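In the two complexes below, chain A is the common chain; its partner is chain B in one and chain C in the other.
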Partner chain A sequence: MSEKKPFSLPVVGEVDRRTTLKAGAATLGLAAWAAALKPMVEWASSLDRDEFFQKHYRELTREQLQVILHKLTFEARKETGKPVTVKDHKPIPGVVFAYALNLSICIGCRKCAEACHVENNHDRPSNQSYIRVFEMQKGGIDFEKGNTTYDRPVPGKDKYYMPVQCQQCENPPCVSACPIEATWQESDGIVVVDYNWCIGCRYCEAACPYHARRFNWTKPEVPPDEVNPNQSYLSNRIRPQGVMEKCTFCLHRTREGRMPACLEACPTGARVFGNILDPDSEIRWVLENKRVFVLKEELGTKPRFYYFFDK
Partner chain B sequence: MSTTPLPALSYLRFLRQSLHVATEGGWVFYTWMFVLTAVALVGANAWAVQVRDGMIRTNMTDHVSWGLYIANFTFCVGLAAGGVMMVIPAYLYDDHEMHDVVIIGELLAIAAIVMSTLSVVVDLGRPDRFWHMIPGIGKFNWPISMLTWDIIVLNGYLLINLHVVGYLLYMRFLGRKPNPIWYIPFVYLSIFWAISIHTVTAFLYCGLGGRPFWNTALLAPRFLASAFVSGPAFILLVMRVVRLGSDLPIQPGPSRLLVQIIRVAAAINLLMLFSELFTLFYAGGSHLASAKYLFFGDHGKYGLVPWIWSAVVLNLVGTVLFFTPAAIQRSKTRLVACLCVIVGIWIEKGMGLIIPGFIPSTLHEVVEYSPSLTEWKVTAGIWAFGLLILTAMLRVAVAVFTDEMKLTEATELTPATEMP
Partner chain C sequence: MLGRDALMLSLVVVMSAGCSRSAPAPIELPDPVGPPRFPVVIRKPLEAPKILTGSVDEKGNPISIGCATCHTTNPSNPEARLGTLLTKFHQSLRGQHGHLTCISCHNPDEGYASLRLADGKRLPYSEVMQLCAQCHGPQYRDYLHGAHGGMTGYWDLSRGGRERNNCVDCHHPHAPRYPTVMPARGPNDRFQTRGSHE
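What follows is the complex of A and B.
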């Protein structure tokens, strides 16, 4: 390359003067680019080599996954000083989860949203939660008249309340949207995200008709003493910066036979959760005996989250 | 031919001379390149900070999860597709004057594709995981995800154009007649491919059932119509710069043809826009919410109203100016008309199309968005970088076509290494 020609400044020949100047400009230019990209170098040094080369969750062998879980557990313990364990909860064969919510008795207290916030180690400053509660005008199901920022004693006059979270669609548009299979549906119907695989393009967030997905605009902040130590790889472990996350029906609880945190927190018993393949389950009873409906049925997403009125 | 060295060597010479020519010029050229580099550096720095601190540096939220970056991406794809409006007359209709300058359209396509790719890269939360998108090594959700289609068509279009341009320039540099087998099939392929890049990009949006504002079959045709306005308009500007700034002879014919193409495409674009708006506003209902917010504001929020009315006025004024007889001549009117439609379509397809898809949100919450300083810096940086490579490529192309850069001259430039 012409820039690389040897040059001696005091006796620059006629032909080489331009080349010398160009070489100088190129050097300065490169230095300027290096300086401009310096913040990226700081960030890159915080990255983990093993994580960079980590394969997709579903391609990991049992041993590889164990190593990763150990590492995540170790790091979380070091950071929080709490006895954190990051496990991997697999779906239970013969189980498909569904949720139902009784709109007649929901009072809009947002205890479910708060429980989600705590249970799932959500970012504290943004008060993140997978649940949005809409205060709705009686006389219709019109979200245009809904309001999520109500701030007064509940229940309000002529109002009813509609908590909305991931509908765990049987036909999820977010999964089709993802260009790299970082999100998929598991055999129990729960749609999960591999936080170590997602590139953060947010196409799934645009595709979701229920505003159920959340992006980590920054590194989530949770004070160490508030961290929920019972964590799972695909659900509530503290998420990395720049990736998507979503409600997982608390799979770290429900795949152990417990109820989701939002259900346990509900003071009125408006929430019903269970295995729809079990004919004796409460959720089956609700689906068989109540006139249930789903949100945006016309889109063909087939939600597994049902709403119903008692009276 | 007896003095021709090994093909590999002559290709290296071609590259070396290209580098030489691309960094050679008068003070206007150096100032222009210096300013572009400076803006690109500001953008690169803003992006680096954004990667380190997170996308919190942007004004995007979970309500409006795509912003200026994807808006600019959409426009740049259109710009790239617009170049085909020189290729079609030049090759399908054997317009010889157009044939002489068609390379300008192809170079613009290359620069525009680079800009659209960069616009997507800066929108990623985790650019370090870029390799997850590489087929074979990563996990490529093809054919299900429309985004994978877009990755394929954009990269394909880039490669096709790089090949055609590179081959023709190199042959001219060697002083040989290009072999049609090596480029004509790719030229025809590029015509289909140009249509596909903007169609697939429209499918990214209109394929989403949950976003009624985008979920219309008219989106892809509208994208193409507006691309065939903004692309040729940009080419007209570039041709003027090349004509004034170099010795490359440019006949008035190709520009006239481009103005004719713009006239038709602009009229079709406005007709389709009107058709879309009629359907939305006359039928009403929930589909109207975004359009209402966009044009008139909603729930006391008016963030996009100034944007879209600027776009409407610019597009109308630009279209009317293109229909005046003065636009056929090399005139100020034509210049103003080009600027009007370029800015107008940049807004219409960007801030006027991407943002209202998110406002109101899918659950009808109205959360507004306006780009942050970081987003403006990064976007300006992408444009500067795009114009930088466009200028450098044009410099080389002009040098080759005016025979300033030829294989025979290589001996004069590098006497020490090359012996006949």
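What follows is the complex of A and C.
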């Protein structure tokens, strides 16, 4: 009854149609696989071993961090020819930062966005900035009707202006969204990103209700003579391609006690910055004496960025 | 940390400390126990303004004269307002500042070489903020609490000082409304501009 089929290897001897197709598909598949891997291989060749095996920022020992900072500094100097220093600024104990912006006197000149662009070594072609200024119709607060691309003398008639940047939420949705803890909140309230740990999935960008996060589609292009040499690991060092970035309240300045760049650039004095734990600080006076509100309060994000009015 | 009242007091003390043509005097904050505090310097306006005569001296430098050159002999017109059309001098002077007359702020007793407060006290030009504060109390209050007017420097005064603008750095006294400006270029926003990444 049972017919005995002579044993043969699939590709040797009798080659049926099915086997040919299989072999063909396997070959094509391999080629596609190789093509798909090509960018990865190219990327990996530009990545050295140390960088690939670098630990998470918060797990680095002091010595390991020093090695990394030294390497980043060396590379930045080589690339830009400028005396760049990449430091690591730690939060100041007893300090929690808060920011307030006076909508009554902001005129929408975008000097803050421009200062951010320069200070944080942002990509020049896209004119990137962590600050987006909305031109809004007086009488409402509908961001859908806000315009961020206005290009006419300001302040316009019946308009008010609302700069929006990272709100440094006390309850940051972007941090919970990150699958690999590449972004977290520090003790002074600043939400930071480890650019060497971020995988660029952009979940945090989608999670942020203020649309405050930016993605580096390309490696930021900054002409060497325009590079800001005062850099920090968690803030304005030139980011690699494919990672998220965000406003850090200029931690490389503010953790040295200085004002953020956007505040210094504001010609009207609409911005107030300081330590919310210091009862004598300017920011506390504003919060205690002005009509203050936060954006999208109903979401429970508890922003540390406040808006207020004079009247 | 030092009390806010002490800071305010120090600001007032420095601002009323008389005129100085040199660099702005730093504010020394007495704080024997706390950490050392760096000064908050308020930029001072120049002394009494000068007017270009339109002629030049033998070296080609423009000649300017002080207010008193003419005003010691020309009596003041107490009715002249900022909007009044002046017929003899200052024809180009236009202004928009409430219903103020010239001598609401300028001191005719000194040939306009100083300012004058509402109570008749003389005030040097460098202390102009006191004059503004007579009417603009809320702004002055906000200023003293760091919530009005541009500044640069340190938020943490135990680490460094601060420099602050005065009223007339930003507001022209004759037309104080902040001028209309062209905005700086903004970032490309992919939600509002087509085609480019943000």
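One rule holds in what follows: the second predicted complex is superposed on the first by the 271 of 311 C-alpha atoms of A that agree within 3 Å, B and C clash if a C-alpha of one lies under 4 Å from a C-alpha of the other, contacts with A are read in each partner's own complex, and residues count from 1 in each chain.
Everything that follows uses one rule, which is that a contact is a pair of C-beta atoms (placed from the backbone, for glycine too) under 8 Å apart; a residue touches a chain by one contact, two chains touch by 3 or more.
Worth saying up front: this structure is predicted, and the values here are computed from it rather than measured.
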| item | value |
| --- | --- |
| Touched partner set for A:E264, first chain B, second chain C, both or neither | second |
| Chain B versus chain C as contact partner of A:K296, first or second or both or neither | first |
| First (chain B), second (chain C), both or neither touched by A:P172 | neither |
| Contacts of A:D280 with chain B and chain C, given as first, second, both or neither | second |
| First, second, both or neither for A:P209, with chain B first and chain C second | first |
| Which superposed partner A:Y150 touches (first chain B, second chain C, both, neither) | second |
| Partner chain in contact with A:W217 - chain B first, chain C second, else both or neither | both |
| First, second, both or neither for A:G189, with chain B first and chain C second | neither |
| First (chain B), second (chain C), both or neither touched by A:P163 | neither |
| Touching both chain C and chain B, counted on chain A across the two superposed complexes | 132, 148, 211, 214-215, 217 |
| In the complex, chain A residues that touch chain C | 92, 100, 102, 105, 107-111, 113-114, 117, 122, 126-129, 132-133, 147-155, 211, 214-215, 217, 254, 256-259, 263-264, 266-269, 272-275, 278-282, 285-286, 289-290, 310 |
| List of chain A residues in touch with chain B within their complex | 1-2, 18, 22, 29, 32-33, 35-40, 42-44, 47, 52, 56, 132, 134, 143-144, 146, 148, 164, 173, 176-182, 197-203, 205-211, 213-219, 240-243, 296, 299-301 |
| Chain B residues within the chain A interface of the complex | 16, 19-20, 23-24, 37, 41-42, 44-45, 47-49, 51-56, 58, 60-63, 65-66, 120, 123-130, 132-133, 138-141, 144-148, 151, 204, 208-211, 286, 289, 357-358, 360-365 |
| In the complex, chain C residues that touch chain A | 1-4, 7, 138, 142, 145-156, 158-160, 165, 170, 178, 180-189, 191-193, 196-198 |
